[in-house]
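Every chain is named by a letter (A, B, C and D) in the order it is written, and numbering of its residues begins at 1.
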Amino acid sequence: MVDLRFSIGSLEFKNPVLTASGTFGYGSEFDDFMDVSKLGGIIVKGTTLEPREGNAYPRMAETPSGMLNAVGLQNKGIDYFEKHIYPRISGYDTNVMVNINGNYIEEYVALAERVSRLEKIPAIELNISCPNVKMGGMAFGTNPVSAREVIRAVRAVFPGILIVKLSPNVTDITEFAHIAEEEGADSISLINTLVGMSVDIKKMKPALSAITGGLSGPAIKPVALRMVWQAARAVKIPVIGIGGIMTASDAIEFFLAGASAIQVGTASFIDPQAAVKILQGIEAYLIAGKFSGIDDIIGLINRTV
Amino acid sequence: MPKRIEDFKIVDNQRLNNDLFILELAGSSDLPELKPGQFVQAKVEGSPQTFLRRPFSIHDVDYARNTLKLLVQIAGRGTGVLSGLGKDDYLNLIYPLGNSFSLPGKEEKLLLVGGGCGVAPLLFLGKYLKSNGNSPDILLGFRNRARIIEEAEYAKIGRVYLTTEDGSEGEKGLVTDHPVLSESEYDRIFCCGPDAMMRAVAGYAATRGIECEVSLENLMACGIGACLCCVVATVNGNQCTCIDGPVFNINDLKW
Amino acid sequence: MVDLRFSIGSLEFKNPVLTASGTFGYGSEFDDFMDVSKLGGIIVKGTTLEPREGNAYPRMAETPSGMLNAVGLQNKGIDYFEKHIYPRISGYDTNVMVNINGNYIEEYVALAERVSRLEKIPAIELNISCPNVKMGGMAFGTNPVSAREVIRAVRAVFPGILIVKLSPNVTDITEFAHIAEEEGADSISLINTLVGMSVDIKKMKPALSAITGGLSGPAIKPVALRMVWQAARAVKIPVIGIGGIMTASDAIEFFLAGASAIQVGTASFIDPQAAVKILQGIEAYLIAGKFSGIDDIIGLINRTV
Amino acid sequence: MPKRIEDFKIVDNQRLNNDLFILELAGSSDLPELKPGQFVQAKVEGSPQTFLRRPFSIHDVDYARNTLKLLVQIAGRGTGVLSGLGKDDYLNLIYPLGNSFSLPGKEEKLLLVGGGCGVAPLLFLGKYLKSNGNSPDILLGFRNRARIIEEAEYAKIGRVYLTTEDGSEGEKGLVTDHPVLSESEYDRIFCCGPDAMMRAVAGYAATRGIECEVSLENLMACGIGACLCCVVATVNGNQCTCIDGPVFNINDLKW
């Protein structure tokens, strides 16, 4: 048997296959299709301090090998999460993590404090890369000064594992990777969606009510892979690769490029069993290649070129 | 009722006209009990432009044959590819999805209203209601005589009223122009069809205080409540048409 | 008949369908498939002062709805161009433009001067966005200071029509659009390719010899469209939209978003007649919509939202 | 010879074994004169993972039937889809592309060397040479007896020598292990097959001073010299395998 475990600081994961925030609900949406506890971890929907209604419909457009979304962080807020969702999901035998979002640094901080009191949530993913909100979100993740501020502020109040989710909509991803590492993040995850747009030529209007949205799916995989490769060479903390991973083969590209773990996003919409299938495929690849564990292939291309 | 992901075998592909066809699909395991208004998410293979699954209402169910039917309109790339499926091809479905029309009391006077290919869930609903002891009236609107589909099937369920936009059959005009709406007193309306039609029918129902449920066809990515892309504004805030719907009582919608 | 003409400053184009540099050779590669003179213009291969061999093979990888290339500006240099290619292509009855590249500002300037002497080349496309060269290229296009310098220097010596080709690998495309306009560019074209990567999981090596490459094709269309929309609202000079345009419908999305013209790139590899088919499709759309000309739909979505 | 873009109709799809099949395609207009070594760029429809065209050598030509044949190995997604094409399906080709093997003098002693599915262009070449009055020897290498294809066809052209890696037919080993190479004196070798095989044969030819041409299979995007993706390092710098090749004299290659 190959060793699939990976860890971020003191936090152990049974395997490196996680699900991406906003694409896996709270896990229970997928209970009918798989044993969610088999996964290395799940990252629940983007959560905010106050409830949010998100953007108006239409929020989605299909694009070549991908989709645009402009959900805009619709969620019922941390109170509701704590009361109604937390009890339900804390039963999963895997790491359940919360993706946190805010308009202001204070909101991020307050939210991180709230989550830090939830015993069964060992990690937060600090989302400074949501492209679908007018305030906060990507505005933090594309400006080095405010990125540093928000990470520092959250780090100061959150003793658990801190993962910072980076935006790909920047000139130099390593700059933000460095900032996260310097400010004490335990890990970085990337990429969030690329800002994109689609036009309905019959209606002569943008396809999305918010005009622009976040591009996800296989279309972005080459960009994601490049950024993960760059980031993994720039920092020592583990890098979690995200972007267009549909199959085990896609996931393995990310490991070879330097990712220590991966998140499955849009793939779950097309195949709700995608994450477990990817997990099985990774295992099969390692066995076929006679590797003793996932560690053996992480960043391997840096050694072959 | 747990959701499943399953390969269905095409047992028939019946072309109704240029735009419409009916796929009859056999499950690879025993069908669970399905409810009218529920839908499936179909994975279109072999269409480079089709990335996401495509939602279709359950048009009819035959538990004896272990099949269900989809009534599909060729709207673009994905449905175009589906129209070419033949016997022994497979279609992967996630199902059953969504809520369903409510089960009315046996004494209620019911009207089913459908237009164009929006009639898809009505046949299943009508048969279901009939087996429940109801005999609903059915009001169907089409563009012209040539577009009328499955009239005979509906006639087995209840009294059928027709409108065509050009008057080539039934009353001329839209469904809301049909005199039966002013002549009869209905307790409840079930409606599906183009957005404009549903809004018109909802308007009619609202002014008369008639209970009315509509089935929405919002754009969907996941179909299982995971992406929040398919929302509709309701009195309870944005709700997902894929799990809180697709059937909504018009009183809940912010129309 | 609808009016398809468009112009950049004093330069008239018979229609707004151009071909993108590096994807249409010198035009003659397509003579067997179409009458190249029917197009609004062609932009020839990226040209440098000295001959270049480009990167080593493999230079190409297929990706979901796209491709990566790392050609690295292989070309025979301006001398060869002037002697052997210019005489041949100047026979086309359409605007033939040269895409110019350099490692240093001096090279760009020298090249622009050389091209300015070629009577039948009315415009240059200043490429500050090639991601596949170690020096120059994208390094200019992702740094506002050097972008400004190189545009200013070329503008000073080149009296013809100057189109600046922008890189999408930046945080804020409007910053570079403004710089080009301020420095006197007559037009901007965008996007060049997104930097991406692909890994061969059998060989456990990057798919490209240069490791990273430029992503093109439909995969990038949503990003291109968004940047064109942003840029067109930011500047007054005409914007030329590029990125994943395979069909007339794609092209029309760009016009509706604010592009005054478009370039067909990767599409020509799959269908060498793509550019003329797109031109015909645009015309048909305008006729069906009862528009009097292409101008009627440029930026139309800004009026409908 | 102007290049064309044209829909071809599948007239036959013959499966040779698990991995290989031969498509016979009928042109919709009269075939131009084709030369051995030339290739086509095929557009694979209905394969979401296949974005670019796929290059295949012309395996055989029948001007009387107005057809050409492709010998295709299932290597991945695109060729997998092609393997499912049946009668009356269409395949869009850009053709004829590339240069061709040189036409040798009638008196020259020729050897054709091919391995695995790399034999694709050799049949057309062999027939062409035969009609030119040559009778080349043909040396073919396969993994094992079961993989041997079209031996009888080659036997009509010239003397056939076989190697198999497991020795189940012909000589055991690789083509370069075959004794005919040391026993005979050839003026010219035409070779195509896996990269390693071509390099080995080129090495043999170079040390003996035999003229040798190889047909390369570099990754291609356009196939018409527009993208510069398919280059090979030659004594004249990087050249495109799609227009300067796919056939190269080994003296020109920086191998």
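Structural remarks
Here is the rule we go by: a contact is a pair of C-beta atoms (placed from the backbone, for glycine too) under 8 Å apart; a residue touches a chain by one contact, two chains touch by 3 or more.
The model shown is predicted, which means the values in this text are computed figures rather than measured ones.
For the pair subunit B and subunit D, there is no chain touching both partners. Relative to subunit C, the chain whose mean Cα position lies farthest away is B.
Averaged Cα coordinates give subunit B a centre that lies 47 Å from the centre of subunit C. Subunit A and subunit C have CA centres that are 34 Å apart. Centre to centre, using the average C-alpha position, subunit A and subunit B are separated by 36 Å. Annotation for subunit A: residues 63-66, 217-218 touch two or more other chains. Multi-chain contact residues of subunit D, defined as those touching 2 or more other chains: 48, 50-51. In terms of inter-chain touching, the protein chains here make up one closed cycle, each touching precisely two others. Across the whole structure, chains are in contact as follows: A-B, A-C, B-D, C-D.
Against subunit A, the residues of subunit B that register as touching in their complex are 2-5, 43, 49-53, 94, 218-233, 237-238. Considering their complex, residues 46-48, 50-51, 81 of subunit D touch subunit B. Per the touch definition, subunit A reaches subunit C in the complex via residues 63-66, 68, 142, 169-172, 194-199, 201, 203-206, 211-212, 215, 217-223, 225-226, 229, 244, 249, 252-253, 256-257, 285, 297, 300-301, 304-305.
In the complex of the two chains, the subunit C residues touching subunit D come out as 22-25, 29-30, 32-33, 45, 53-54, 56-67, 69, 71, 74, 217-218, 266, 268-273.
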